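The same chain A turns up in both complexes below, where it pairs with chain B and then with chain C.
Moving on to the complex of A and B:
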């Protein structure tokens, strides 16, 4: 057992050293999804579906103003409404002026007496017999407000004469401290030198409007107390961490907190980090304690529009390059809303551009919080893609060629990456080149590419073709822990605490276990809803499978060793010995495949796993295949494993080796500004596709999410009042299946991923990068840049001087 | 959602009687796709005390082609109109409009009468919990004037009050272009006189009046009609601009034209001058564009919606061209 574990990388920069030559389960198509039927048929149980005996319903008041403080509040009418069981006010002694710790090391007011964006949960909560009664009671609360100036634009908020946008939290200034970055200038090399070396220099700007991603299942949660034990039902990504938070909030031991993680209709990463997804759980716990009944808290559809992605930003770019396509310097200055992520990062991690300087400012504005909604990498992807689009167009060079010229890392060219590959056990393949070749062929690039604004179609529209590229998110961060147990009938349970994140992740975990243990895929089950008291399998977007596949692999290998030891070892009882299934053989003479243990050099000698693990004592006494008596000797095939690989993902020195390339075609109606996306081709080097359908599912879903949001998604506030105008699923315009596509999905497998079997996560990649896919294609169609997203028809018409 | 009474009407007379008994505090429900959304969000200051369900009236769901034209029952679902072969052939704009309305699910529920009686979509009017007590709710002002008006009227507001919310129906311009009449429990109204803007009103209907039937004259020889919708999404979206045009061609020239835009004004916008312009002319790029230009020359866009003028012009031109003999 121990020597097998040594084959796993201790060095988080190394490749998996134990990759089978032949796969029986992984990489195959047709493995039935564990959650497929129940989700498609509507039978999957979500947090919102849970109803407990005696349960009460909690709704939270939301601010009607974007920056305001409560002067006086009267809740008497709400309290008197029949069916109301409790009202908690912001000035209740138990919560007044109190902040509690939340994930990411932050803290938040339990119930603020002020608001810094319209729609902020604050002020009061009502607990009632029904959700409707609680809602009605909220409207009976009367508040006298002190209304304050508000800001919706970061540059306005940072103006010298601006008043405070969030005075209780930031009484000095609207310029916020940085969260992910140590300083506001990110630099590599010397941009001044880079511009001196350049043959040409261009300047342009681009921006992204605030957008978010309300859940399919509107977020909710339940707390139930049984004496000094708490039980939680969570629509959350980091469910296990709620044990820690309950410990911090109420001082109860984590061992007395039970969590339930039903299916959830989306957390999109960052919603999980935003305090308004956590603090209501505290309040529900508080009210459940006071009222002696389980309390369910719920946000409604409008409440769910409280958060945004990190690429709410305005950037100014300056780029220097040589006539041969070598980019010598990139300089950018960016303004963010409420939180930021370094937009210059991908130039360092993904290219050989030697001189980079990125300056950023984060302003407190009176909009909801922003976080890593649908991936924190949005800002650097936005910057990378816009720069490559513009340089290629200026040089009149094919963008695929420009990408290949500048591929690299840390200012060094692709040879530097190749050295890294050799040193760390990876195959030396040119991932970007492979992706580009496959993508160009699929979309017919060589026949279709044309100079900007030159191809009018028979239908009168202008044809455009676009290309973008980036690295894959080879982060492999976080930790995971799980156990594998073989039941007495030979079936296998994976014991793990996980949340419902990812396409088909629980099925792929089972596939890894089936592969390594030699058990049929359908004999392995992971029920992700159960609290098994293990810390959480990492649920972070693209790290989900890369880290957790190692956990499964390790646990399965340990269990397999135990199985073979059982198959070859005598069980010594007091009265007699029980012979092994394969007497006289050593473990290394046996193997397992398709749920059958067999002798390697004579496979005709074999026994089903079920026969090997069957309860020997029960069958011995009662002559039944299984007997649940006190005399049973349960076979101890149970193994636990843990894996951790890296702290935050892309640490210094650990390079990203796999690339992705995306292509699209558009037809632009120059009379209406309509942009029809007629084709998207996604090429992702995922290292190894453990479940090809799941990879394709991410490619499809990511395209609708990415391309779609740059067509039409944005939060729109009333400039006069700061009230969100489109907090519903009609006016906030997600694209539909009809609006994007058709979509091609191409999988490249170079084996250069840091996850088990050389895999790379794909969960966030496509949805992030394809967000910016249309910019280049539209320029190719009409010869004009539309760099301020979303690319709505008014902006296209404006670029054409028709609006 | 607050509690309300739900009454199943067995006859038209009973529905009218129910409406009368609630004294203006009841609403008619058929498909419910608009009304229930409004009630859930509690956008209005007053909540209906009762919903009068007219789906239980059995004889209001039909499509009948007669020698005089076409009759469609008020409760006919949009999907049935979109798929009806006779309508697709002879009343093309009507089928096209139905096909582009909402989504497949909503078209299976939503009725023709509900579509033309639907309330405005203005995001100030529709903001939950009556956040903006605007003119259309009996309040003091239109918040869109100084707010975000990217989807508001490009042809000005109401004369007397200044509301700039547009009418959102896809079916309305098709009805007007095809010169339909609306029969109600009280009277028959020409479709281009059916729409009227007032506090909590988008039609001329009285509080106790119910739409029962639509009548379309048989298309004259040489008639063609066409509908185009422009929206951000291809499904589940309201129009930024839509346009229906019906033209009678004779000897290669336009004998008669009816052109109606929607989504651009407080009610469907009949383009009378353009209709006159194109009459007697051969339809081509130049004449179609000239007629379209006539319409948009009357436009007075707000600060955020000048782009709608260009789209309206394009849609008028394209629908005219599509009606070329």
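Moving on to the complex of A and C:
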């Protein structure tokens, strides 16, 4: 068994070498969600719900101007308001001109005396008996401002005569250094040569407006001090890192920081990365220390519109291709707002296009920070999808055919990818072909596909059908640890930190343990360990099960080894020996299934796990088989495991093997510009679906989020004042139940994922790619391109020359 | 034990029990014999009676969530746009963040906790069909669905969608709710048939 554990790959390029021939738990439908009842009944607790004895409430002032500096500030009226217990000003010595480290190695002003976007938390905080009093006090703060010019468009911010958008941080220029990549030109092959080889060259442009992530639960946090020990309640995915940050901020040992991780009401990365979700935690700690009471910081719904997704971008495309569909060159130039991610990457990672060149510029604009919301790979998905849409239309070729012609990796075709599969132990299957065949059949592609702008429906609307493909997410990375303990009644606990964002990870961790340990699924329960911490890598983050299943698997295997050793070993006590449950047998002669230990070559000889682990001494007083008294031996089966899965998951040479395909139908009203999404078919190769219902949940949910982003989600600023106009959930529209027609969810399982059991993540795939789902379908409906997202009715009418 | 005589202050009629005097005063004189302090409301929440002193600006959400500690009502949009704070108030689904508590005197309130405590099959079907991801909006959906089934025990899929169109779910679990509600309707219908036998 130790060899089996050893066989698990440490190299994320290798396939899991230990995949059972038969699954008893994983992949089965009907494994009950552990968080289901508590969430449906309203009994699940979120940070927003928590009230501690004596707790005070902290609110932060937000800037009314998009680029301004405080000249003078008077907080005396706020301080005098009854119920106000403390005010912290930007010019207080504790915080003046201080920046603090945040996640991902960044840093931010603790409390800035300036603002670079309207709505920026800055200037002052008020701590009061109630949230309402704190809000009222904020209104009483009087500030004299120095207002400065502001920029909402990156090209304006980068103009030669532009003034500085954030002079306190970037005093030289509004051109920002790159974060995710070393240079502003990403190149593969030779685009000049690629264009020379092309039969045809097309040029077009596309853009995405700034959009955000209003989470369901408005973000908040609590800090409480007990002497020099800090206790935090966090609405965060990466809770463990807050131990480190408290260490950095206050110099206290990480061993003296307790983390509580209640359920998270949404997250999607998003706030998790944004510094303004971390700085308030520091300030609440500061004020809790000063005031001697727990302090809860809260953002309101408007505050929650502080940040946006990093696909706020404007791109110009030039594409060369042959008449047979082979794309020979892709060149693009992009402008981003505040942060970027390389938009040319998916051409390299998912296609055989030999010549790629992507140039990008990131401008500091007077909008809130941008980061990964659901995924950082929105820009490369956007670029890939638009390029394939346009080339297919130009060639009058079926888009599915064009995808299959250009599928590949690193400029090489699918055969090169197949070699990689063979060399690294993966099955050799054509993932894209399988996805396309299933998707075409489900949506009735062959009957419904038509030339652009040619199918008018009886209701007067134009019918469109679209297809997109990609492999948006394949990363497996990071490290995690967890423990497994068998209780004396044979039930099992997984001990780990649960930082849940809803992808059913908690249940699936238990399913992995049940599978590997041979215990009934219903006998396994995750117990939240949020004190000293056993962090599962980015719990519920980008690489959840692909990494953490290895952790659970290792822990379960170790526990199983201990269980079988216990089942076959004599325990020597002073006055007697306690015989094993299976005397005279070796561990490899036994196995465990359905919570029963049995002899492999004679399964009729068996004992429940409970009988094997039960207190071997028993009660010396009452003769009960179990004794919760001093002489109990307690269960000896406890195993902790750690697994590290590569570094970034993007190491050079590590290929993406699985694919995803999405199909949709739309009806476009050419009088109003309204687009109705009447059908979506998602086909995802997830390698192995450990919990099919949860996979489908991501397919459904990703579609609703993606379609909403594609059609209506955007922050709208007043160009005259730089004030955000729709920072609320009435004017900022994300999808409701009625905004997407029926959704088909098709799961493909090629086993070619890089995670445990051949899994590959899905949580980020669907929501990212379907953000660009409708462009091709709308072109198919009206014969015009609408490549500037979101696709609002006015843009459709403009494409039709009606606006 | 000596019997106390309780005398009506309005008509001097006497009663041998305090409860009888109270009933008499309510019926004959239309007045509460023990007037409540100003601002106190009576609420029956999930079958339990509460007498709570409220400020005029307090919302029903605040009373149910913060005073009574029922976390099934959630603050999501904070302005009546999302349905996460839905409760059933005297048989109607309402947004508790948009309802003043002081106007709810004498009313009954049903929350997701109450629905779950009664073992309503809707809750089990919500779990079965994975109608939750982060779960923050889920109790609001459960309450809205329960209100639908109370009024329309046999809804079509389209009626379910229409009924739940005012509830926002950022995780996009919407299609799974239809499955849960329709299965619940079917189960309740079967239970009704069994009960009639």
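Heads up, the rule we're going with is that the second predicted complex is superposed on the first by the 783 of 803 C-alpha atoms of A that agree within 3 Å, B and C clash if a C-alpha of one lies under 4 Å from a C-alpha of the other, contacts with A are read in each partner's own complex, and residues count from 1 in each chain.
Going forward, contacts are C-beta pairs under 8 Å (C-beta built on N, C-alpha and C of every residue); 3 or more make two chains touch, one makes a residue touch a chain.
These numbers come from a predicted model, not from an experiment.
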Partner chain(s) touched by A:694 [first = chain B, second = chain C, both, neither]: second
Touched partner set for A:711, first chain B, second chain C, both or neither: first
Contacts of A:719 with chain B and chain C, given as first, second, both or neither: first
First (chain B), second (chain C), both or neither touched by A:33: second
Which superposed partner A:45 touches (first chain B, second chain C, both, neither): second
Per-residue contact with chain A, leading partner among chain C and chain B: C
Chain B versus chain C as contact partner of A:793, first or second or both or neither: first
Touching partner for A:735 - first (chain B), second (chain C), both, neither: both
Touched partner set for A:580, first chain B, second chain C, both or neither: neither
Where chain A meets both chain C and chain B, residue numbers: 728, 730, 735-736, 738
List of chain B residues in touch with chain A within their complex: 1-3, 41-42, 121, 123-124, 126-129, 131-132, 143, 146-148, 150, 230, 232-238, 240, 304-307, 309-311, 313-315
Sites on chain A touched by chain C in the complex: 30, 32-33, 35-46, 48-49, 51, 213-218, 263-268, 300-301, 500-504, 693-694, 696-697, 700-705, 728-730, 734-738, 740, 742-743
Chain A-facing residues of chain C, complex: 65-66, 70-79, 81-82, 84, 111-113, 115-117, 123, 126-139, 142, 161-162, 164-177
Touching residues on chain A, where the partner in the complex is chain B: 64, 132, 136, 139, 302, 669, 671-674, 711-712, 716-721, 723, 725-728, 730-731, 733, 735-736, 738-739, 792-794, 797-798, 802-803
